[in-house]
Amino acid sequence: MAGNSFGTIFRLTSFGESHGKAIGGIIDGCPANVELNLKKIQFELNRRKPGQSSITTQRNESDEVEFLSGIFEGKTLGTPIAFIIKNADQKSEDYDQLKNVYRPSHADYTYQEKYGIRDHRGGGRSSARETAARVVAGAIAKQILAIKNISVYAFVSQIGSVKMENIDGNFSSDDIEKSLVRCPEIGTTSEMIKRIEQVRKDGDSIGGKITGRIEGMPVGVGEPVFDKLNAELAKAMFSINAVKGFELGSGFDSVEMTGSIHNDEFLPGGKTKTNHSGGIQGGISNGETIQFGVAFKPVATIAQKQKTIDTSNQEITLEAKGRHDPCVVPRAVVIVESMAALVILDQLLRRKANAL
Amino acid sequence: MAGNSFGTIFRLTSFGESHGKAIGGIIDGCPANVELNLKKIQFELNRRKPGQSSITTQRNESDEVEFLSGIFEGKTLGTPIAFIIKNADQKSEDYDQLKNVYRPSHADYTYQEKYGIRDHRGGGRSSARETAARVVAGAIAKQILAIKNISVYAFVSQIGSVKMENIDGNFSSDDIEKSLVRCPEIGTTSEMIKRIEQVRKDGDSIGGKITGRIEGMPVGVGEPVFDKLNAELAKAMFSINAVKGFELGSGFDSVEMTGSIHNDEFLPGGKTKTNHSGGIQGGISNGETIQFGVAFKPVATIAQKQKTIDTSNQEITLEAKGRHDPCVVPRAVVIVESMAALVILDQLLRRKANAL
Amino acid sequence: MAGNSFGTIFRLTSFGESHGKAIGGIIDGCPANVELNLKKIQFELNRRKPGQSSITTQRNESDEVEFLSGIFEGKTLGTPIAFIIKNADQKSEDYDQLKNVYRPSHADYTYQEKYGIRDHRGGGRSSARETAARVVAGAIAKQILAIKNISVYAFVSQIGSVKMENIDGNFSSDDIEKSLVRCPEIGTTSEMIKRIEQVRKDGDSIGGKITGRIEGMPVGVGEPVFDKLNAELAKAMFSINAVKGFELGSGFDSVEMTGSIHNDEFLPGGKTKTNHSGGIQGGISNGETIQFGVAFKPVATIAQKQKTIDTSNQEITLEAKGRHDPCVVPRAVVIVESMAALVILDQLLRRKANAL
Amino acid sequence: MAGNSFGTIFRLTSFGESHGKAIGGIIDGCPANVELNLKKIQFELNRRKPGQSSITTQRNESDEVEFLSGIFEGKTLGTPIAFIIKNADQKSEDYDQLKNVYRPSHADYTYQEKYGIRDHRGGGRSSARETAARVVAGAIAKQILAIKNISVYAFVSQIGSVKMENIDGNFSSDDIEKSLVRCPEIGTTSEMIKRIEQVRKDGDSIGGKITGRIEGMPVGVGEPVFDKLNAELAKAMFSINAVKGFELGSGFDSVEMTGSIHNDEFLPGGKTKTNHSGGIQGGISNGETIQFGVAFKPVATIAQKQKTIDTSNQEITLEAKGRHDPCVVPRAVVIVESMAALVILDQLLRRKANAL
């Protein structure tokens, strides 16, 4: 059981190394007869790519998605949807310097030890480029969820020590997207940008936090005991590169709370007065907004010199070449949304078998 | 795909409602010809049960595990290991009052909405009693991991706002077990007990945090991309009742760190100078200690009166009867260990197929 | 991935050695809120057990099924249904003679080589006793299929060279069950009994063929490409002990046919004039009766002396003790029905996710 | 759980409609660091394609496989191997006549009813063109099995009523491949060709039987109870288009045999005197040659006029255009081999987890 598939009914299997011919995937189990807006899928893919703003890396990846099967006259056939995103001709000799180096906090060493072989060019399979396939599948999932009036979105709620003032506020997708860092608070956005610019100047990188929301959930989605909706979301988020933490609703704050404060009182109609549960009780959606937080570490690639070892186990000093993102968190927003959408749609379809 | 199985090769399928005849499970995929110490399994089960100390609930559950198959003359056969734990004859009329009530922050409402039916006695399938099956399977996994010199243990690092002073310290299992709250620091233990006693007096409950560690890991365990070792651990922990957060290594603290500080410099031999990665890089173990934190909310059952609704959607006031744990976190230590052991053993077996 | 689970949504995981404490299983994914007739389940189990008639073995296995979870006040909860069938206290010393013997065409040798250990008493996990768990799960599946007006039944169409005259005839369950050999033709039944009696006298055993039918199928059940309805049926039947062949519709006869004869002409309304397809086209049910044949070899245990080897690789002569069935095919009818019911219900539930 | 994946550890997920942009697949779980001969893969693919000889259809499909990932400098990376085979620009207007027709014994009707939509061009997903992806994956599996000295091959043992004289004979791959119909007996080959030529003249089609063999099997491969090696082979073969029957070893002939004749006597060393078991006992390989038979119906597309219905449920007369194979059985030999190789390699890898 290699681990390149995600989901049980709506199931993405992804492939591709960052500097191979292409990356892509197959979605099996997509409901039939659904009209898809292919432009919107490309739009989501563009949200992920580098070079969107002055504060991100200037590499220009084209990232055009091409569908090979499963869609006929604009509609899903119920058969596997295969898609590829070609890798641009990158000068892989740029990566020759990395052939014999184990970069700190990258996966070079663990891949080599696990498989006895690795594609050293740009991280190969461990590169975050792989997440582009998730965004394509997630964009399809989002379109299907929208038919059911379920919306999935996320925003940057913290960069370094710069936090949003009101993480629970109401804001639109526009509020999020018009911010260079995908933070819906204008003042906080400015502070975040400053922090990132500072880090870039230092040749360093910085972490951040993304808050995700799922609105319009029906009650009853999620499969106890082991495949609880929250458990699947936790796995989904922790499968994203650089993620170090996940919390639902009250999250780590709940540790310091008492039950009398934390409990969500039911109101007639089944809604709850508070939402410390984060929309899930007993692993099953309760109809409230699902809200969760995801912690991202600072990216491992930095411009500063670092000590490390080479593949012959000798100490060396590494100096990264090329331009790199000082903070990938704003770009990761669409990845968080995509993984959440994959979980929700899969569980929504699984729920169909709960009753005869 | 109902969700009552966990793992792919070493796979537990559990069953049972809290007030049915029995709970239990089947472990499929246990390696053959392994000698098992059945007393140690019962010992682990005893670590989970209520009534172990003055600060926990005084209900007395016997929780004797009985094995039905898969073990022959003390050794595993490679065939399914089935086990049951009978439910003591509990007066289920005690629960008649709950038949028509949706308790706040419990799963009564979501189960009813999902399935159109529920066993209302004591939470039924959503009861934490279900975790006893995980402890049995986890105890077997631990014994097998011990053969490979891998040890899995956990401790309580926070209760309410009472935190350990040095979460990264060295301590033995004895240091942990001799503490009433399974916290290896003596002074912190006293503070935690005080906090719990206070909460009990208030008829309230309190949350806490458990820190887990896996020592002796070989390099190369974990299946990228979606079944990363950290992703499986996150899912495992979030499948436990009352868990609201999970973090690996630097966790949520990494958000405020820069890459130059966070990166784990490699030393000759492949060890790293620091362990912000928490023992996993690119979803694969790197040979360092895996350290993670799990946030538990305060348990939902409290002695205080609470407003809620009944199944006819009318507002009512709920007053819980019987004795309840004000803080389950110390008892949850063995559950955290068990789920971690299930993940590690499963991934260790999956790894065997990485090469021919 | 050990192989003790069957099905994807409606999923049976079975356990148990023939001479351990019990056999049984867990059904996960049973739809909620379905009323079950437990007596009918026991009735099906009785159809499988030895000693039903003068021509079968006289061993008396009680085979009482006991349900431990998943059923509440007579209805399914949607949670796992666990059940056990205790093994009667059999004198396992009877089997001491088999401890060091590899019986011809049994699984003693392959189990020992695979696992390095085996429970030698009566075949252990490889015993056909294991199929009792399938009958319990199959009986539940049948009851659920009946709600959808789908009926699954089977009959003995051949014993040795004694064949039914009209395998495609119409007959009722009564016609089948009133026959000692579960063959709906009275004359053929007599011939079959004679053949079996002869074989018994010879201290030998004989093979046979079972024909299965599924009536009332809706169109559209079955998941191409690999999980075709016929592929799942083939696997299901070949998982039964002693099965050597499976065919659908025209089966092996189709080899000698031409397309102009074999093709099933469509009639207005979607029915077909002939049913060489056996009710499945492209792996998907077409609404016609699904008809299939299953070949059973003669059972390996015979009263005659046989040459074989022991575990020290020495030639020995084996003489079986105790009474044994000369022909298990009549008892296997309910096993064939059960496996077919498991496949159909699982695929029926899978189909629910085909559209949004 | 849509059904487009096969295998558990070595796992193929395939995609593609016959007249979409491409077909192909992803292999997940291929062992790392294995050198692959890509030319040999293309060679196997060529064995499947139409137009290989005067007796097959003259359509010229190029069927060039292109690998997109998972292979680096000629070796497997342990990451997903994605591949595509582009569909040649076929005039899909040729298929406009089929848009509203349900062809007899094709899957047009069942796909339409299942999904509410279908790609009518040339069968879409139900086309046997899909099997090209299996051949690519099977060719890789064969190369890996060869490292373990396991060889998988098949041959045509019957066309219509023309049968081989000695199905159990010894012959080489060359004996098979030099026959136009892939039958290793020269005389029988002539008879088979005559029969196919006759059928072609009649505008008709004819069925056949393929015999498969796996040599060099180690003892102990196959996972009881449900995933028996024979059960997985049965499923694999029945997932191939046009298959109507599968038998192992003595197969349907066993029905008429007695146990004293059928039982395979063990010889010192563990080999058996006869091989009625067909190399598998209790679902586990016993080290003998695995031999099985697969029945293929006559292909549904024939040149003769046929009555059928259109999508408006009106009776119509269908007259197929274009050239079609009167007998696909010789071309199916490589598909049978490929599916067998996928099963064996997957179970070989699964077996690695049997012991610690």
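Every chain is named by a letter (A, B, C and D) in the order it is written, and numbering of its residues begins at 1.
The rule is short, and it goes like this: contacts are C-beta pairs under 8 Å (C-beta built on N, C-alpha and C of every residue); 3 or more make two chains touch, one makes a residue touch a chain.
In this text the structure is predicted, and so the values were computed from the model without any measurement.
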Which of A-C and C-D has more C-beta contact pairs: C-D
Rounded Å distance, chain B centre to chain C centre (Cα mean): 39
Separation of chain C from chain D, taking each centre as the mean of its C-alpha atoms, in whole Å: 26
Cα-centroid distance, chain A relative to chain C, in whole angstrom: 46
In chain A, residues with contacts to at least two other chains: 1-2, 4-5, 8-9, 14, 29, 32-33, 78-79, 114-116, 125, 224, 350, 353-355
Overall pattern in which the protein chains touch one another (line/ring/star/complete/other): complete
Parts of chain B lying in touch with chain D, wherever the complex brings them together: 1, 9, 29, 31-34, 78-79, 144, 147-148, 224, 349-350, 352-356
Residue numbers on chain C that touch chain B, as the complex places them: 1-2, 4-5, 8-9, 11, 13-17, 20-26, 28-29, 32-33, 66-70, 72, 75-82, 84, 114-119, 124-125
Chain C to chain D touching residues, read off their complex: 1-6, 8-9, 14, 102, 104-107, 109-111, 113-116, 125-126, 130, 158, 160-161, 199, 202, 204-209, 219-228, 230-239, 241, 243-252, 254-260, 262-270, 272, 276-278, 281-286, 295-302, 304, 306-309, 313-315, 350-351, 353-355
